[in-house]
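Submitted below is the structure of interest, expressed as structure tokens.
Each chain gets a letter, A, B and C, in the order it is written, and its residues are counted from 1.
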Amino acid sequence: MAKKLTLNPDRLFSPDEKIRNIARILYQSVKDLPIISPHGHTDPAWFADNKPFENATDLLIKPDHYVFRMLYSQGIALEDLGIPTQNDTPVETDGRKIWNIFAKNYHLFRGTPSRMWLDTVFVEVFDIDVVLCAETADHYYDTINAALATDAFKPRALFDRFNIELLSTTESPLSDLSHHQKIAASDWNGRVISAYRPDPVVDPEFEGFQNAVKYFGELTGEDSSNYKGYLQAHRVRREFFKSHGVTSTDHGHPTAQTADLCFKDAEALYSKVINGNSSLEDAEMFRAQMLTEMASMSIEDGLVMQIHPGSFRNHNQDIFATFGRDKGADIPLQTHYVEPLKPLLDKFGNSADLTLILFTLDETSYSRELAPLAGHYPCLKLGPPWWFHDSPEGMRRFRNQAMETAGLYNTVGFNDDTRAFLSIPARHDVARRMDCNWLAELVCDHRLEMEEANDMAVELAYSLAKKAYKL
Amino acid sequence: MAKKLTLNPDRLFSPDEKIRNIARILYQSVKDLPIISPHGHTDPAWFADNKPFENATDLLIKPDHYVFRMLYSQGIALEDLGIPTQNDTPVETDGRKIWNIFAKNYHLFRGTPSRMWLDTVFVEVFDIDVVLCAETADHYYDTINAALATDAFKPRALFDRFNIELLSTTESPLSDLSHHQKIAASDWNGRVISAYRPDPVVDPEFEGFQNAVKYFGELTGEDSSNYKGYLQAHRVRREFFKSHGVTSTDHGHPTAQTADLCFKDAEALYSKVINGNSSLEDAEMFRAQMLTEMASMSIEDGLVMQIHPGSFRNHNQDIFATFGRDKGADIPLQTHYVEPLKPLLDKFGNSADLTLILFTLDETSYSRELAPLAGHYPCLKLGPPWWFHDSPEGMRRFRNQAMETAGLYNTVGFNDDTRAFLSIPARHDVARRMDCNWLAELVCDHRLEMEEANDMAVELAYSLAKKAYKL
Amino acid sequence: MAKKLTLNPDRLFSPDEKIRNIARILYQSVKDLPIISPHGHTDPAWFADNKPFENATDLLIKPDHYVFRMLYSQGIALEDLGIPTQNDTPVETDGRKIWNIFAKNYHLFRGTPSRMWLDTVFVEVFDIDVVLCAETADHYYDTINAALATDAFKPRALFDRFNIELLSTTESPLSDLSHHQKIAASDWNGRVISAYRPDPVVDPEFEGFQNAVKYFGELTGEDSSNYKGYLQAHRVRREFFKSHGVTSTDHGHPTAQTADLCFKDAEALYSKVINGNSSLEDAEMFRAQMLTEMASMSIEDGLVMQIHPGSFRNHNQDIFATFGRDKGADIPLQTHYVEPLKPLLDKFGNSADLTLILFTLDETSYSRELAPLAGHYPCLKLGPPWWFHDSPEGMRRFRNQAMETAGLYNTVGFNDDTRAFLSIPARHDVARRMDCNWLAELVCDHRLEMEEANDMAVELAYSLAKKAYKL
């Protein structure tokens, strides 16, 4: 017999009654605030076209590398989960069959954030009341698919129902932002903006870099065969993004290295990298130089800058060859900030016109590097716990390790950073619960007054993000 | 007047009543499960010969570097503790005198896991009911020695009383496993197996490496003067171990570096290292290459592979010169996994036939590297908190930092990894208590249902180890 | 209307009633113990001259980089806070105006230790009962200034009122210790000693190093143009410090690197560094060599040695150029101990005559390196959580991560390490509360008996520091 699925209203709150009571009160004041999602990876086509989502498997499993990597780690082939291959090897196409594999293995997610997000989606979005398992797999598949076929579950309707005030996707400078244009031109009021993510034309190790740079020049009418024209192309494209409501850039580099080369050296380096003569060191130096250039342009045009460093992308070479990027094989690396950021900070660190939001996958940097840096430099702010650390324990560590030194006001609230659209409310809810619980702890051991905690809860859930991202 | 010594039945459980109540229930269901000890360093001669242990000092102090290093750190000479020297300098031989030093300084262990294990041994094994201190030292010494002289305290009787289902020791490939043979041939039913630990013939920096390799060839009838014969010798010896019930190998390297050299390069490197012409880099490269070779053989013969990297062995040069290895002067080093493991993982990472269990002394790798790796690669599993981290707080950190990303099912339960035989039940008990308390916390903040927690408690205490080590 | 400011008597204690009750009992037995402040940076002139402090701003804001760096991080110019420039650019001189800026931004400190220390000073030292904010700024400024003008708030009176048994300042070897002499010669009984901090004559990268070394020779009558004379100058100056009651040295190096060069090589290196021909590597090697020389001298003269490594000083080049050192722009770096300390430990690590107290800004070293080292080497002890980690959460991490392996008796109690004189009782109070709470947790999950916890609380609050620093 299927077990009942419910969401406890006190989930994630400390079992200590004193803390729980305070957390409840704080949570009441933030739980219904609109969602600001200032950084993420949903597909803007969803909101532009507003077509119904296909089915449970296409919506909840195939795009979510958090989900299929865990199944893969336990020996389930990605082909059996329908993950498309690069070489057109046939993969499972029967969504129901895939859903059944997932359901049968749902216990693997015990204690993970994916489990919490998924259960929240099941209950709150689809109104399901039994636990997912082999026996209930078909019930789930049918229920979800039936719902998805209705108007109430089309992307825009869900966006509205989720009370999203603003959602940012992330696009390459080569994107024409046509989906965003279509959204803006529509009679729908949902605010979906993009972020300028120039990795494909900034990172010489990105697949297809040289062609991308060439096209970058054509697109902007600038001569991208020389550094000056290339930089100008960025300015043009940033302005284009900005004219579509964009307020931020994002940079997904392997390290946080920055550089401040003289123009001549930068020019020579550029010529190497676009001609494919560059070493690994050259590529790193070019990315480093470009972070400083991007900071310079941010001071000109006001776009908020984000750095998401420290992931060893596509660590599993076979998986990368067969399935491509973003297949759950990106592994964090130790990441340094103090020396790598110095060239940029020496140049712009004291500028009040720059906002540079730092993220990390290396939690050792919280107390040692990031909090002291953000607690001093006017331009720096700390992004929320990211990716693997977007989890209850990850949030707890961030608060406990970074806040005493950085101070709350040098942080930027929550980012969901997800491509799993349905999980957005669940993720924000986890963050709001954990933040309220953290504040409740400080109230209960008398480090904060209740009134302050109330202010701070609202800042964390809503205001800090809005202000930091200039929304 | 001597203070009363008791073990609180709720020790290590949260003082919060809600958590404690759940932890108690979970613990009830696992506390009497048989002990699986799949990796450790007890002496198989104990169980082969079944001679009574000598006395309290020889049993509990001299072999336990956790104990004597703490005394040494406070200025007590190892000679005064009877630790044998390499150069036959006389050391204290009066066990009672040594025991008295230990007793007088027992306060030094306050808050350490050694204290908890020792107290558990005193109460549960020897039925002592007063606290160890200068005044009770002789009472302890006499009580323990009297017990040890009885049949009930002989190694096999204790093994049975401890409810050990399986115990693995660790031997060099050069071992004849005669003790294990003797155990197997006896009428005793205790299951004591070994693990294949080839460091003495794999690590060019190991004392006596070259002679060991020579003997390795003789022992196997293979020509260990060339790489092919040397590899074949491993195959032969692994098969020999396997035929004695062995299911795992273990590798105690300074780093987790792996390599995948072509045969020619590996052959040339081998020739350098066995001729003593190798640099430190060569030695590191050879160990790295051998991890990949061992993985290859594991795929052939099914032995589970363990890597225990990251210890700077024998850091104290004077202590090493005078007393030799394993004297409490092994200090952890920062340890990287993401790039070092790549050569091996590129080759075998997606193989379902390989089980590679990773350990660490560098806790920063839990959330940053190990959990993401184990949460993706089918061959990888995470070993439990090891050595210095085999402690209540160490276990708490492991659970909180690794589980959300790795998932429980990519872990392998508990290892005691000890040479302190009597402490084995105490160590497993600490792990069971901490795991139940962790699960209870997840139940109490509604991240797990009670039924799931019950399953998981049993997995942690018993099933995961049995399955991962193919027992 | 102004909000009431009170200090909750249970602040920092766990909200769990069982833990809180034990913590309260332990705290009662230590809260009134005299303060031992064995390492800090207060100005000895205060106690020598015993002049009243100027005003609230000069006393509480301008010298406290914890305070003004947070304001600076939010875009408030240091000039507006009256921080003096090196180039005589005019800065705000109106203390009241600066105080108002601080008051208006006091919310920035929510959740930081500065907030806790400041509130404690406001209530306990100045008897203020309203919360600091824009509206109460003038009330604060007037109240504090009025108090400071009275005899009861002169430095010596406060020292006595704070129940400080001993306070150590930190001076360069070039200091004449005249303030300390004046204190000793006075009829006041307060014990204010110094610590020998030779960085200006040991670190070739210190501003003015070469002139300092020259003067060092003149001051001691030794020929500091050669290494032998230079070492002798240290001996002379250490003796001078010792004759003024000094019991410790302190070394603020970028890393924990030590070296053990032969005399000839050391001599050649010295000649390079004092002639300004040294590379960065030479400078690092010289500092490394000097740590070992200092250890050698400590064995001769008994001075306790402290290493405070791992800060990237003056990271913000503009701030350094305009405002100089110690302006909140010192950022921690990853810091290694295992290999860097080996040369020194190989030479002196087993000496019972050396006490070497290690500090860190890199918390990852607690469980991985520092606790195992201190839990083995007789000469090593661990200093308390330092600087950014002198905070409730920093203390919690230190206890949870270092104590199981190092053991309490390889630590040295608390250091305030502050230049903010008025915060000293508040800082010690935070440490005492956090330590009592930690012990209470161990009592409540039955890892310690109450009687032991009581002993340990007194050790932590008083005895360990007194013993380790030979006071």
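We take it that a residue touches a chain if its C-beta (ideal position, glycine included) is under 8 Å from a C-beta of that chain, and two chains touch if they have at least 3 such contacts.
Quick caveat: nothing in here was measured; it's all calculated off a predicted structure.
Fitting subunit B to subunit C on CA positions gives a rotation angle of 120°, reported to the nearest 5.
At the interface between subunit A and subunit C, under half of the residue numbers involved are used by both copies, so each side presents largely different positions. Mean C-alpha positions place subunit A and subunit C at a centre distance of 40 Å. Among the residues of subunit C, those touching two or more other chains are numbered 16, 364. Subunit A makes touch with subunit B in their complex at residues 3, 7-8, 10-16, 69-70, 72-75, 107-113, 116, 131, 312, 315-319, 328-334, 361-364, 388-389, 391-394, 396-397. Touching subunit C in their complex are the following residues of subunit A: 16, 18-19, 336, 338-339, 342, 345-346, 349-350, 352, 364, 367-369, 371-378, 380, 400-401, 403-405, 407-410, 441-442, 444-449, 451-452, 455-456.
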